[in-house]
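To keep things simple, chains are lettered A, B, C and D as they appear, and every chain counts its residues starting from 1.
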Amino acid sequence: MAGWQKGKGWGWIWGDDDEIGALNAITPESVLNAMRLVRKGKIEDLGVGVDRRSFRWVGHAATEIMSYRTPLGERVAKDDVPGANEPRWHSTAIFTCDNVGTHLDGLAHITVGKGNETHWYNGHGEIEYGGDFGVLKAGADKFPPIVARGVLLDVAGFKGVESLPTSYGITIDDLRATMSWAAIQLRMGDVVLVRTGTGRYWGEAGANHAAIAGPDTAGITLESAHWLIEEHGPILIGSDTSTVEVVPYEESVHVYLLVEQGVPLGELHYLEKLAADRVYEFVYVATTNKIRGAAAGVAMRPFAMY
Amino acid sequence: MAGWQKGKGWGWIWGDDDEIGALNAITPESVLNAMRLVRKGKIEDLGVGVDRRSFRWVGHAATEIMSYRTPLGERVAKDDVPGANEPRWHSTAIFTCDNVGTHLDGLAHITVGKGNETHWYNGHGEIEYGGDFGVLKAGADKFPPIVARGVLLDVAGFKGVESLPTSYGITIDDLRATMSWAAIQLRMGDVVLVRTGTGRYWGEAGANHAAIAGPDTAGITLESAHWLIEEHGPILIGSDTSTVEVVPYEESVHVYLLVEQGVPLGELHYLEKLAADRVYEFVYVATTNKIRGAAAGVAMRPFAMY
Amino acid sequence: MAGWQKGKGWGWIWGDDDEIGALNAITPESVLNAMRLVRKGKIEDLGVGVDRRSFRWVGHAATEIMSYRTPLGERVAKDDVPGANEPRWHSTAIFTCDNVGTHLDGLAHITVGKGNETHWYNGHGEIEYGGDFGVLKAGADKFPPIVARGVLLDVAGFKGVESLPTSYGITIDDLRATMSWAAIQLRMGDVVLVRTGTGRYWGEAGANHAAIAGPDTAGITLESAHWLIEEHGPILIGSDTSTVEVVPYEESVHVYLLVEQGVPLGELHYLEKLAADRVYEFVYVATTNKIRGAAAGVAMRPFAMY
Amino acid sequence: MAGWQKGKGWGWIWGDDDEIGALNAITPESVLNAMRLVRKGKIEDLGVGVDRRSFRWVGHAATEIMSYRTPLGERVAKDDVPGANEPRWHSTAIFTCDNVGTHLDGLAHITVGKGNETHWYNGHGEIEYGGDFGVLKAGADKFPPIVARGVLLDVAGFKGVESLPTSYGITIDDLRATMSWAAIQLRMGDVVLVRTGTGRYWGEAGANHAAIAGPDTAGITLESAHWLIEEHGPILIGSDTSTVEVVPYEESVHVYLLVEQGVPLGELHYLEKLAADRVYEFVYVATTNKIRGAAAGVAMRPFAMY
């Protein structure tokens, strides 16, 4: 199987029909290697809670969860459930938008190219695969279960700050110094999670937009993304912000990672507990919902196991 | 920590505020034990694809996924994204209902009791915790990442049928014989998945309702549920049907498992590949979305690792 | 002001920016003329009830209405409303699709033209005005309040049948004979409603799809549409079916009316009561919702006044 | 038919099953009387535009309208429409909440009473008629087409201010003085619209929340509501604010009008044009959507005809 090349990264190497990019590098061997990192049996939930109030990019819809069936409603409707002592159901309906809460960006999330040349990862084109009901190629729903070595690069911890400043661009030197400080190395096939400290302001559901908005704009620069991919070969780069990359930017890390390299981004991961416990190496596990056509995950619960 | 008792099962043993029931039995020790089952590094996705057409109980809403931001729409709106070669976004909006596709039932999914006595697991009561925007106690969003030994009881395979007949009640003898046939034992803390063969009719998104509807009514009897819980102590019982238990029933396995025992049910799990490969023992991994108040999961992607 | 021409109809005569087509022909004078038809002060509701079960074209989403705020939910959430005797609110959330229930098709509902030439009424083009959040030109939300002389052409009544047969194409002769039978003339500026009898199967919410599906395919032919528009000059043509025109068809009445003539269609109008009372002439009143960008109305309540 | 009594108003006089309250007072005679007010044939749209950004009470959901079927999406899906020159469809999906934009409050919108005594207009009780999918009695979808004499009481105009101050309570004296200033009398059966001037800040879709929020809290006092109903007998009281009544309040006009008197409220009506043209008397026409169970209207387009 073709693979990563130092100095070049991944790219469109997985065949014309490929829809999952660097996640192809998850193999039985890589999974077994990752499993060796589970020494204590501990699990940390890396997802953030989501409700109507949750901080999000303004161009996405708020999440509404509504009680759909309730005991009172069923009594009123005389929808009787068989059994003694009057059993009744609860269920909920949900209106939401991908890209809300903790999530992975799918490889179709960003496109480049003008007019009919518009395309995303692997050349999948808008006029062939952009549909009304989500994308027909390389949706986030196509992601296999992700199990890989995870590495936390706690840049805020290294710098000794609560959170990085607004629009702080995390440089290659910052990443190198953080790795050295934490005595951690990267390996090909890793999931790299970069901590800015933004997660400490999330609380139960991200309601304090004012506190989150500033540090949420800190993130890696395009140069850092190149360096990570081309020197170290991660299959996923994540952070505790909604964008992973520094905002504003001139050229997008999203284009580089998603379109050119076929590497998903992981956004709004909760990294506070791992950082407090100085857990820098672990198994990263994440699964997306199987709603066909999604451009990204929504309100996910990735976790670290170590 | 209190725990399971033979002949009695779990029950309300985890404290007055508990919201996750038998999932409390997932401990670092149990996780480490489960990890020993990963010998090949193989992963099987146990989720089914979901779209508008997917088979579901008629009382739940259909799932709609709609392109929300598209390259064409952004061009029209002149929502320019910074960068060369005209970057543009895809995102989707989703309207769905929990209990759709592969999912876990949360401990608040079914209630018992009349009027103001209406309550679910651990006595959490409707007049205190039943809200307009989902449940305030014991929602499926409270489930921690689930990592445990998984066991497939391939009843359809044992019986040598494509799928069990309509409304077939899986008995204790069926389960015993299947275990013997597969040479597999249950242990306290397992996730038990019972295969009826219904999954073979799902296809890409469960569009063939007529084919699914019959075998989907096969499932365990209440006696079998008692026997599994009280003799073997699983923390989750799942199947490849939408109900797990045989339909119709007189008294519900849901009430017994969810309310009385605090044990989640796992529904519409895709078990065909595990069965074909005769993989009866594995690590089961599942995570629910973190949308606060959900009564159950939706379109999940649990997986088996072995 | 330019207007209708016999033998030619309306067309793109209202200026380059026009978004409402023939509805421009509603003027103070035409309104005053229509008002003279109100002799008894009677009002007939022409809308049909809509809920989750309602018959609709399979390519549209089902309508879900969900209790959003309830007295119980507010008590649980301690959202107290000021005042004595514990005031509490009810509100609902709605997920629906335009084109559901009684509705008017907006002038952007159908397009013609290939690729970048795709356009609708008045040349409004997809690459300029087709947006992610509805259409930016000629949405149904742009329709002014519609007040005009309405005429019922009760073809099923004239033929003495409960409802027209499946896929019955209503001819010019049928329309002429019905007008003669009812002793009613058409005038420029009318709203013409053609009755097939399908409405008698709707019941409270259109749940009996099997009964509705057959007669719902009866409707006017393209020739009849030409004749109506070019000889008589109506500003809106409606029916009691979901399509107005006979299905299947080779060339669409929708294209002719919406794109070429700028004349809205009115679908699923309830005409049973008017027919039973032999009310063939009345004031037709209809308003669309003001949600910006809608391609059609939804669950409307047009009415007849006479 | 029973009716209004001076000094007492309406009340629960329409029979035990009644669901529409004072709207029962719309009769053929009242309609004919109203029609006499149409002298010029002019129509004014009283609805405000709604989109995602629209001002609303914080406890309601934002409105999302999403392109559902588009020409590009249909091409991608190869959903071909019969006919020459490649016809294609536009349709939209909508997620919204009643009480958004211009709307009428239904008689079930507010309740009083504790626990199982919770009820709304006419004693319709929560434990009998409060459902999961909207209310089963007295929903706003039950409102007949409303056609009645409308009267504008332009309090802001009378006072010579752009808009009334924040939390200004409109008194009986204000209403009397405004009537005198405008030389207009009220009659039993009227729709009374009270102008605060808030509408001037709405713009195309109510995006400027800061400008709207202040004057939106001006409105009639409970005393004024009593005086209007008990001395003059209107069947609907509306305003250009989201609440009609002054906020904050101690006892709610909503309880008095909706529960006790069975009189709907009309909210966020656009009254600027009528005020500018000094049109104080007209026919008021409004229709609610026919989605069964709605607690209020949504994004309506009532209009004035004169």
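We adopt the following convention: a residue touches a chain if its C-beta (ideal position, glycine included) is under 8 Å from a C-beta of that chain, and two chains touch if they have at least 3 such contacts.
As the structure is a prediction and not an experimental result, all values here were calculated from the model.
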{"item": "Between A-B and A-D, the pair with more C-beta contacts", "value": "A-B"}
{"item": "Separation of subunit A from subunit B, taking each centre as the mean of its C-alpha atoms, in whole Å", "value": "23"}
{"item": "Distance between chain centroids, defined by C-alpha means - subunit A, subunit D (Å)", "value": "44"}
{"item": "Residue numbers of subunit B (touch at least two other chains)", "value": "52, 61, 64, 66-70, 72-73, 93, 95, 126, 130-133"}
{"item": "Overall pattern in which the protein chains touch one another (line/ring/star/complete/other)", "value": "complete"}
{"item": "Subunit B-facing residues of subunit D, complex", "value": "64, 66-68, 70, 72-73, 93, 95, 115-116"}
{"item": "Residues of subunit C touching subunit D in the complex", "value": "26-32, 35, 38, 40-43, 45, 47-52, 59-61, 63-72, 79, 81-99, 101-102, 108-114, 118, 120, 126, 130-135, 141, 144-145, 147, 204-205, 248-252, 254-255, 285-296, 298-303, 305"}
{"item": "Touching residues (chain side subunit D, partner subunit A) in the complex", "value": "52, 61-62, 64, 67-70, 72-77, 95, 126-133, 136"}
